[in-house]
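What follows is chain A paired twice: with chain B in the first complex and chain C in the second.
Moving on, here comes the complex of A and B:
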């Protein structure tokens, strides 16, 4: 008998299999103890709509996730696509058409049968240009109509005017509406349905009695009887309610609260590791910005940006601001994004001396502790960030200290969010900004509007008529290459290069990737927090709560 | 009687003008606030250029404040109060849903505050003990020093109803005034004479004190309503109570012009109505007294 040496991939696969088995066993033991019950947690803002096609806020997205039935679901744990209402699907070679084979015998929460006509109706509504739906806009790859062809009650084919990269993944966000139900969007195919809404106070979801899924033992899902979503914008109050046992989970937890809870109840807190979210600093490179010309010269210099990046101690940001619950960011994508992260990127190096040398090579000089450019202007700028975000405010202060070491004086200014957006997107009256990118999807295509130089979300220099730099032109080209292909290898190669260019040019100085922190009460059975949103209730249909 | 009618009519006109001016001032302030014509949804990378443009156009629709205000008044006259920009719901529906909670919160808070005020001030006037005076002064002074937000947070921390926080915010304002007023009345010669003749405290209170203090107390009641409404904003916002106060807070943060104008007009209207009513009733009492 030969014993074969396992490679690292196989060991990782084995470890994952063991972990999944242990978690599953844990879930089964837990579920044996308790089924049903009411799960309670907070939404941090009022849901603006219950129409899943118009969702553009976190609260409405959470309700859509819990109530909506989708054709394909991204498993938040494995990061793989899984069939839901569609038994199977196939994308055409030209990447413009997707065909679904639907499950039969499924009905909406009000008893209306689910057919391919409902999928066609949903796509028609979603792609209505007047709707301005973020979900619909993700599908818009070219001009022209989206055509849905119903082949039979269980077969449908949807054709797009141009190739859509990562097409199947996007259906994770498309909740199917009923064409014929008198209840309109309130008739759902997901595990829960909206039973009561008290404006400003709460949303009550009850189990969908017609939900089609069963567990491995043949029991109907979901296990929970209901979910009570309290509308509570204040994180302090949320924490207090959790401690009192009035809430069962906190989906995203601040590192400070995480440590406080960990000190008293270590069994309820979960650190799932680096999330997809990043925090970054960028300089204003807009040519028409109302700031001094010499400042624009600094900000548009890649050497200057690289030196600033080198002078920032990211380990300190992670250790002090996030209490160790964050990792220094390497580039546009977090290592948590297993497939798309460019593993060849090197971790950022903290070296004020090297930063000073690089600046000296560009004509900057240190005089009496103050850095001056070659024209004698003292290097001084302001960093703005949103008031009330303690982590960003602290990061700005630490960066202020770091840059003081190389003679740069930084002023930290906090503004309320509307004022900040106005400066960033309309008046361009700012020097530098610290903000974060919240990534809810793994695919880089979701960030097209961030990286394309013509886009309004190309924050450091938006809406360029033609790319103002060679490297931005190259990013534009590579992003279009990855968006026009359904070959994962080709797409990965293009986006790997984008990541390298971004690290070389530092238009965004990526600071840290926050860890996905959450809290789940011991009363909740079956919880397995992950890094992808919704971190704690991604498997809501298999959660149960005991003791309430 | 005729002069009273004129007085009421004049007050109604003043009230209407103040409410309209208040609404216009509020609209102007929101329009001039930084970030008025921005929408945070423009940062959503999923939205394409056409959708971002549509969001911006929707915001720019209210750029001309006088046009906005005139069309708002026109629509309001027909029962349409507009649609909230941040919540996407008709303002009329939002106010209808949230008003009962605020009325209950402010009502209970005011009631409790006036019960504390009357009891403590009367006991102080009857006992005339310096130690009692010192204790109540320290308590009311301490409460006066605490910001409304701190009291609201304490109510969350100790899990007590928001109306208690409102009561504790209003109480120190009313107590000191009521105490001084009662002390002054009780030291008047005719009260001292009544006490010397052996009249019961209840009779002195009902026949000789209450009729004298009513006009001032009514004026104080009017002011206390304004204080309670003002306190409802931080209390509702911090306690997570879905009332008009929380709505006002949310509207201010989101630069939600239609919502904020309506809330301002509502608050101005209630405050002025209460104060004017207190004034009119007070003047009637003063007339009877004369």
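Moving on, here comes the complex of A and C:
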């Protein structure tokens, strides 16, 4: 018998395959041993609504995910769209119409049949301006009505007034309502349904007896009998409850809690790698900002911003602030975003010497340990961030120390959040800010409000009547190109260029991408934490809990 | 009680002396980051270990103590003087002046002054140095902390005003100004002393509260408030008792002040 030489990649692939097989077998054995049970975890705030069309907060979004039936689901693990209530779908060439072929024989939790009329009703409700649905807002394109045409009980076509980029992906957020059920939004098509709600205490979800999905062995899903969601804003209490076995999972952990838990129970913690979330620093580039003119000159100079970026030790930010559970950020999108991340971007380089050289080329000089600009002004600015966010406060102090090495004096100021927002969006009375972007969606279309120069969330210089720089005009153009096309290649090319421009110009100095950290009790079977929300219970219908 | 007072004085002298000598006692500056030794346990190099950014905790405790222990009495002095002026005069003048002063005091007392402090802090210019932020924090505490003392002083001054010896002095033709400075103020001294000593631990704790909220002394300068922030997470401190040192110091100092204060109250009585 001849043994073929394997390269390291093949060996790694083989090992992965064996590992996956072992894990799968383990999960199957576990599931066979334990089906049903109650899963318990925390919501960190009170759900503002149970109407899936009006969801605007994390708690309500979690309930929507667990109870809502959708036409198309984004698989949180593969980051690919998968058919759910729709067997198949097709988008027209002009990108304005999407046609669904629906599954038949499905009923809502109260027994009401599911038909194309329910989809039409849901779209009508979703797009009703009076409802102010945040989910509906992302579908709005152009002026005019959205028309839903029921072709048959299992076929429907929805036409939009203008092309909608990433149209199919948006249906991941649309839970279908029943047109005929007297229970309205409480009649659901998802794996669980709301059974009890104690304001300020808990939400109890019970398995939907009419849920349509079955597993590979033909067993009806979900495996769990119920899910108890404790409303608990205090992370310390959540941690203690988890340690005492009163909770089965913590969906998002910070690095400090993660390490403490890992020290005693390494089998329960999961680091899924870099998430989509980023933390960034930006300078105030607003022309009407009430700050000194010479400071505006620094902040509006790409060379200055690049030098600052180069003088920040991102490895230390990741290692010290996030205890190694973060990666230096390369640009606007994290490498975790498999499709949209521009893989040609280079990792940021830390070099105070190069930063000083670049600043010297712009007329800055180091005198007695203090950096001065060409007019003799000492380079000093303040960084503000929100009080109480330990990670940001620590990053600010590390950056303060890093910049001191190139002679820049930084004042770190922590403000309560409303004051911070007021300075950022109303008075523009600030020098620099450290804040983060929480990306819940993979598609860049969701960040139109950040990158368009006319937007209020274009934080370094918001609400520009016309783009004030050539590169911002180019970003505007490219974002509109990607937003007005349904050709993935064309969209990707446009957004790749946006990422390159952002890295060249550094309007946001991206610092780190946090890792997705979670904890799952060994009693939970079938868990496979991922980076996309909801990290630990994205496959809730296939989870089971033993021993409670 | 005598032993208690001696011990209290010794504790205060030791803590204050060590904090004043921080430049010589501390192994490094309070802002020096040992990035390769973050969150380290106590060792020969770092007696109280290092904090999450690798800064020597012993150095930060010494410098933080200096700030809190020197500026809290300054704020207490300011607030006591304001209380003496407003409360003492109101009590001495009586009538409509007393009612106006007490209405203003009640108004100040009804203000949620923690939020007021947060608001004022938020309105401050951002480019102030950490040292200025320290001064401003304690100045604000002093300017806002006079109200309770003013009520006490108003009542005391009213009592003195109605006393026999003041009436006799007034009947003898003593001027109002002389009456106030020579006869009223000296008799308010015990109350003023007591209010001063009461205010010190209150301001230390207030700064600590602001520090925990991240709104006190600006980084990298330490204060007891910013040092106590390490204790806000139950999970993180259980296995690291050395993190309790700032809290132990705070308790010791506040207790010492209270023991000394009891003597002041005895004297006043």
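Just so we're on the same page, the second predicted complex is superposed on the first by the 524 of 548 C-alpha atoms of A that agree within 3 Å, B and C clash if a C-alpha of one lies under 4 Å from a C-alpha of the other, contacts with A are read in each partner's own complex, and residues count from 1 in each chain.
Please note the rule applied: contacts are C-beta pairs under 8 Å (C-beta built on N, C-alpha and C of every residue); 3 or more make two chains touch, one makes a residue touch a chain.
The model shown is predicted, which means the values in this text are computed figures rather than measured ones.
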For this session: Considering only the touch criterion stated at the top, classify A:240 as touching first (chain B), second (chain C), both, or neither.
Result: both
For this session: State whether A:417 touches chain B only (first), chain C only (second), both chains, or neither.
Result: first
For this session: Answer with first, second, both or neither: which of chain B and chain C does A:198 touch in the superposed model?
Result: first
Exercise. Any idea whether chain B or chain C touches more of chain A?
Worked result: B
Exercise. When the two structures are overlaid on chain A, which partner does A:500 contact: first (chain B), second (chain C), both, or neither?
Worked result: neither
For this session: Quick one: classify A:46 as touching chain B (first), chain C (second), both or neither.
Result: first
Exercise. Which of the two partners, first being chain B and second being chain C, lies in contact with A:137: first, second, both, or neither?
Worked result: first
For this session: Have a look at where A:271 lands relative to chain B and chain C in the superposition and call it first, second, both or neither.
Result: neither
For this session: Based on the superposed arrangement, let me know which partner A:468 touches: chain B (first), chain C (second), both, or neither?
Result: neither
For this session: Considering only touches as defined above, state whether A:320 meets chain B (first), chain C (second), both or neither.
Result: second
Exercise. Which chain A residues contact chain B in one complex and chain C in the other?
Worked result: 236, 240, 415-416, 419, 422
Problem set entry | chain C-facing residues of chain A, complex | 236, 239-240, 256-257, 260, 316, 320-321, 380-382, 384, 387-388, 393-394, 396-398, 400-401, 411-416, 419, 422, 429-431
Exercise. Mind pulling up the chain A residues that touch chain B in the complex?
Worked result: 46, 48-49, 56, 129, 132-135, 137-138, 140, 198-201, 230-234, 236-237, 240, 244, 415-422, 425-426, 446-450, 455-457
For this session: State the interface residues of chain B toward chain A in the complex, per the touch definition above.
Result: 33-52, 54-55, 87-89, 94, 97-98, 153, 156-157, 159, 238-240, 242-243, 246-247, 250, 253-255
Exercise. For chain C, which residues are in contact with chain A within the complex?
Worked result: 31, 33, 35, 38, 52-54, 118-119, 121-122, 126-130, 133, 213-215, 218-220, 233-236
